[in-house]
Amino acid sequence: MDAVRIGLIGAGRIGKIHGETIARRVEAARLAAVADIYRPAAEELAARLNAPRAAADYRHLLDDKEIDAIVIASASDTHAQIIEEAASAGKDIFCEKPIDYDLARIDRALAAVRQAGVKLQVGFNRRFDANFRKVREMVAAGKIGRPHILRITSRDPAPPPIEYVKVSGGLFLDMTIHDFDMARFLVGSEVRELYATGAVMIDPAIGEAGDIDTAIITLTFDNGVIGAIDNSRRAVYGYDQRVELFGSEGMVAVSNNLPDTHTYANGDGVHASLPLYFFLERYLDSYIAELSAFVEAITADREPPVTGEDGRVPVLLGLAAQLSLREKRPVALAELSA
Amino acid sequence: MDAVRIGLIGAGRIGKIHGETIARRVEAARLAAVADIYRPAAEELAARLNAPRAAADYRHLLDDKEIDAIVIASASDTHAQIIEEAASAGKDIFCEKPIDYDLARIDRALAAVRQAGVKLQVGFNRRFDANFRKVREMVAAGKIGRPHILRITSRDPAPPPIEYVKVSGGLFLDMTIHDFDMARFLVGSEVRELYATGAVMIDPAIGEAGDIDTAIITLTFDNGVIGAIDNSRRAVYGYDQRVELFGSEGMVAVSNNLPDTHTYANGDGVHASLPLYFFLERYLDSYIAELSAFVEAITADREPPVTGEDGRVPVLLGLAAQLSLREKRPVALAELSA
Amino acid sequence: MDAVRIGLIGAGRIGKIHGETIARRVEAARLAAVADIYRPAAEELAARLNAPRAAADYRHLLDDKEIDAIVIASASDTHAQIIEEAASAGKDIFCEKPIDYDLARIDRALAAVRQAGVKLQVGFNRRFDANFRKVREMVAAGKIGRPHILRITSRDPAPPPIEYVKVSGGLFLDMTIHDFDMARFLVGSEVRELYATGAVMIDPAIGEAGDIDTAIITLTFDNGVIGAIDNSRRAVYGYDQRVELFGSEGMVAVSNNLPDTHTYANGDGVHASLPLYFFLERYLDSYIAELSAFVEAITADREPPVTGEDGRVPVLLGLAAQLSLREKRPVALAELSA
Amino acid sequence: MDAVRIGLIGAGRIGKIHGETIARRVEAARLAAVADIYRPAAEELAARLNAPRAAADYRHLLDDKEIDAIVIASASDTHAQIIEEAASAGKDIFCEKPIDYDLARIDRALAAVRQAGVKLQVGFNRRFDANFRKVREMVAAGKIGRPHILRITSRDPAPPPIEYVKVSGGLFLDMTIHDFDMARFLVGSEVRELYATGAVMIDPAIGEAGDIDTAIITLTFDNGVIGAIDNSRRAVYGYDQRVELFGSEGMVAVSNNLPDTHTYANGDGVHASLPLYFFLERYLDSYIAELSAFVEAITADREPPVTGEDGRVPVLLGLAAQLSLREKRPVALAELSA
């Protein structure tokens, strides 16, 4: 088959990563065009990556017969709309998370995708991280027997700017959403009920913006597994991304990736490197792997590995966590999906 | 000062450990007598450790003017009664956990101790474990700044016999009680509210006995810290005792003690030893350290490092966890202590 | 400055890696042409990487005015000859190790480079590995004080084919040569004397080919440091590449890179992943980094980070090790360079 | 059988440890008497450990019919003489290393032991360390296949006082002797040849005393294994005792024991504890285990696990290393034993 011709929408930080991946790392893909509402950004990225076209309006890409698929890396509140339009245009779609924060809006977008019969993959890149994939593989292979307890530690090195916090959807939808996805992915079952506790410990401004910066969410899954996620917006030692799954026959855990393996011993102790600083460093390979998988799904004409439903459920979990925190009680997911 | 003359009540498994510690490891102590309702056990232990006296009735020890202090290692349901009598007899008291499972009963025992003006130390030995002590020291020294998140993993290698489960007081009072104590000790603040979730995953017989074998308990402390304890009655890889405390300036964690440091690499992977099998192996040094501390508290005439209140609160937390699990809601500690 | 236009000579395994790096990973470079004595290989690689020209005869590249620099990845016995010709043609040169196994031949090539005033970098890629670079940085920063003891463990996952062994120059020149380079790089001083011991332990056919497969080489440096390198042609657990430098104020060590950070605990023990399999996996990033550094040296017009002398000395050390092994005695480097 | 009645000769640092072990840790032994040329030391230790007798002259212990076995912990230069006399007196003997530094003197002592038919165990306590024992067990069980390469790192936290250095026998006989024993123990074969290199790097006063403080010794064993030991008299990070054995089917390595398992992460890195400070801390359990084994050998009437020959060979290796260093050449052990 010929290379998949991809139009990239959004030339910001994550758009640049996806663009570079498409142009240089995925043999079976070609970067056909870049769109960004700030046109110079689109042009600059297109030029650097030898993409033949650039546009301010993403609709030019949707109308382009020479484009097979769309990668959506624009602002979050444009995702659902672009998904619908791209589906109508018959393009396969890769969309950064979240699809939207409104369930009805998500459902409309997913309906459009279904109706058009195009493929949709949502950008939960961590599923493609070598560590988490290894955990999933071992669990799926029965290495830990029947899973009992899940533990996820997910801490950022620094909180985002307060202006971002205000429009982020809140900790649960902006940050924990990745952990909710990871929880479903690793356990292989749906969350039935959760209980969220949280507080403002890092920056009062976050509280004034109506959000929290520290949380623990307890999960109960349909298959009986219980789990706890802990989140912090600021770990002074850097990006802390660990997972542990314990079961009847064993336990598997993964810890942080380090920039090097050195240990240094002096009179004060034994010292090692801090984790890779943040998601761009830690998850770089997973950004490449998720787009490779997307392109493979197109060329092999099979279901993408992270579906629209996979994009929807973590939002549902985030909303449930918000409700639990607000009402100080466990929340059954059935309450929200009813 | 002369050596502290100690009478040991209970010559079972833990009694033997305490007896050996007193007789051989604590310079400032002497094992003056051993009592056990099964007299041959008392006599055998006394003979082996060169203790001059043995008795079936512990009251002989309380009446003995040559005995300064009592170590209570008898059945749990005798603890409160013996504490009261020993206090009346003017003996300093070291009592294995729990004092009792009934708060009113505990309060009567503590009142007796206060009234008699004797010392009481409760056997939360894990506080004397080198790992956990290190965490506490670092937290107290401000190394992690203001604490934010506590994580405790506490898993046994195998469930106790079902007959024991039936009289154990249940997972929260039998097993989690140690983790509740550890949580208070490490965080240095009281639990204000908790939420418990749990299930029977290991053995249906445990469920038939009215208990659970797997649990996660979320804690909120007076000082704002949030934490999660996870428990399992059976980790196939052995006794899993880990703690992590995360704060504004850093994180400190401790993991399991191993019998050796070997790593073995072959074509299948890199392999290391399992943790020390169970509490007798893992916490042996802490049993010695707690009795040393008790004897020191007597000789220096100061407050023992684990007080009667320290014995009472974990029971309160266990009862709160039972209530939370039963009613599927967060429980404020104030509800129970009111 | 414009991009550096590079001609690649050799389209085999390492040539492909360098070609891909130049074409896709080094912004400031362009892959201008590929030569290979087997012309279809040159054409295929050029086509895949969008290089405008392909040739069977490397001299076409040397004659090409549109080419600024040459990367030599052809058979080892062609290196010195091509260096001389490329120098005469005024091209900057990156040459895979070794320059040659004959010191006189090396010296002629280096003289040609000096006379032409072109740049020459030798492909000791491990210097660009994040781990080893970290060790060098810490040593250079004085973190370990004055270095005392160097330890290098360098073991391959499997011996090369016996046909390769026969023409490899032997263990010391084929394999240890990298460790000799690392030793000089890390210690920052020249080897004054060495003592080599070795044996055939893995495959008698290696011995029949006149080589050994297992060795320990003890080094004494001009600055007083003593060190030991141990080599094996077959570690069943994979590529084992570790280094330790011990000094008056501390010690720094690096170990193997793993494909993931998982640990798995079951009833048999705690298990982790094997190291990345071999040099292509372990040192991939360093191949990219060394070519980036070469291109930077050209664009900034400065000395390349691995010089012709750096290419010469490890060969000298390899020859000294052969002599030491043969004569069963320590050999001073002065004996050979005299 | 009745408890073995042991007379302890030498009430210094190591004598105190052995005394305490006999009196309190080995059920089947009894401390019958303590002798020390400084009589108050003998009396004080005897009093503290409830040993019935104390003496200045060790011959009183040899004459005592109530004593079954002798533990020699006196000054090194008295060992051989006391062994001979104790053998004549029919006592079983545990002797601290070294028997002597003079081979002829050792041989006379061993002959006396043989003639008397008594048991002799030499105090190479590290064989009883859990780590090294594990390595030996795995090697003996064939886990690494045929051994190829041995690596021993053995570094002290601080050099001894210069007065001690002068009478110590030198680095090889005082410090490396333990590593020589470990090498034989782990590999299970005799050293055929060695090559020693070393220098004064830590303290010129050590050089003025005719000794070195840093060394690497390369070993070739009868079974073909090659190995390297590296020694330093001062590791600023503490007592560094590591071993690695590599073979055709795998590798096993052990590292240092730590006082706790904590890791602390802050903005500077991840930090862990230093190793246990020195041999008393690191090898405490092994001192207990070696005396238990000695007593067991007596009660079960079997060969002690560390024989007179095991005491002799490391001295031979130390002398060979001295010769190698002096003459700057590899030395075959056959040269010395001829």
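When the chains are written out, they are named A, B, C and D in that same order, and each has its own residue count from 1.
The rule is simple: a contact is a pair of C-beta atoms (placed from the backbone, for glycine too) under 8 Å apart; a residue touches a chain by one contact, two chains touch by 3 or more.
All values reported here derive from a predicted model rather than from experimental measurement.
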Number of hops, chain B to chain C, where each hop joins two touching chains: 1
Comparison of A-D and C-D by number of C-beta pairs in contact, larger one: C-D
Farthest chain relative to chain C (centres taken as mean CA coordinates): B
Equivalent interface to B-C, taken from B-D, A-D or A-C so that over half of the residue contact pairs match: A-D
For chain B paired with chain D, centre-to-centre distance based on mean C-alpha positions, whole Å: 39
Centroid spacing, where centroids are CA-atom means, of chain C and chain D in whole angstrom: 43
Distance from the mean Cα position of chain D to that of chain A, given in whole angstrom: 58
Residue numbers of chain C (touch at least two other chains): 235-237, 249-251, 265-267, 273
Chain B residues within the chain C interface of the complex: 235-237, 265-274
Footprint of chain A on chain B - complex, ascending: 145-146, 148-149, 151, 153, 155, 195, 197-199, 201-202, 214-216, 218, 220, 224, 226-228, 230, 232, 234-237, 240, 246, 248-251, 328-330
Footprint of chain C on chain A - complex, ascending: 24-25, 130-131, 133-135, 138, 143-144, 249-257, 259-267, 273
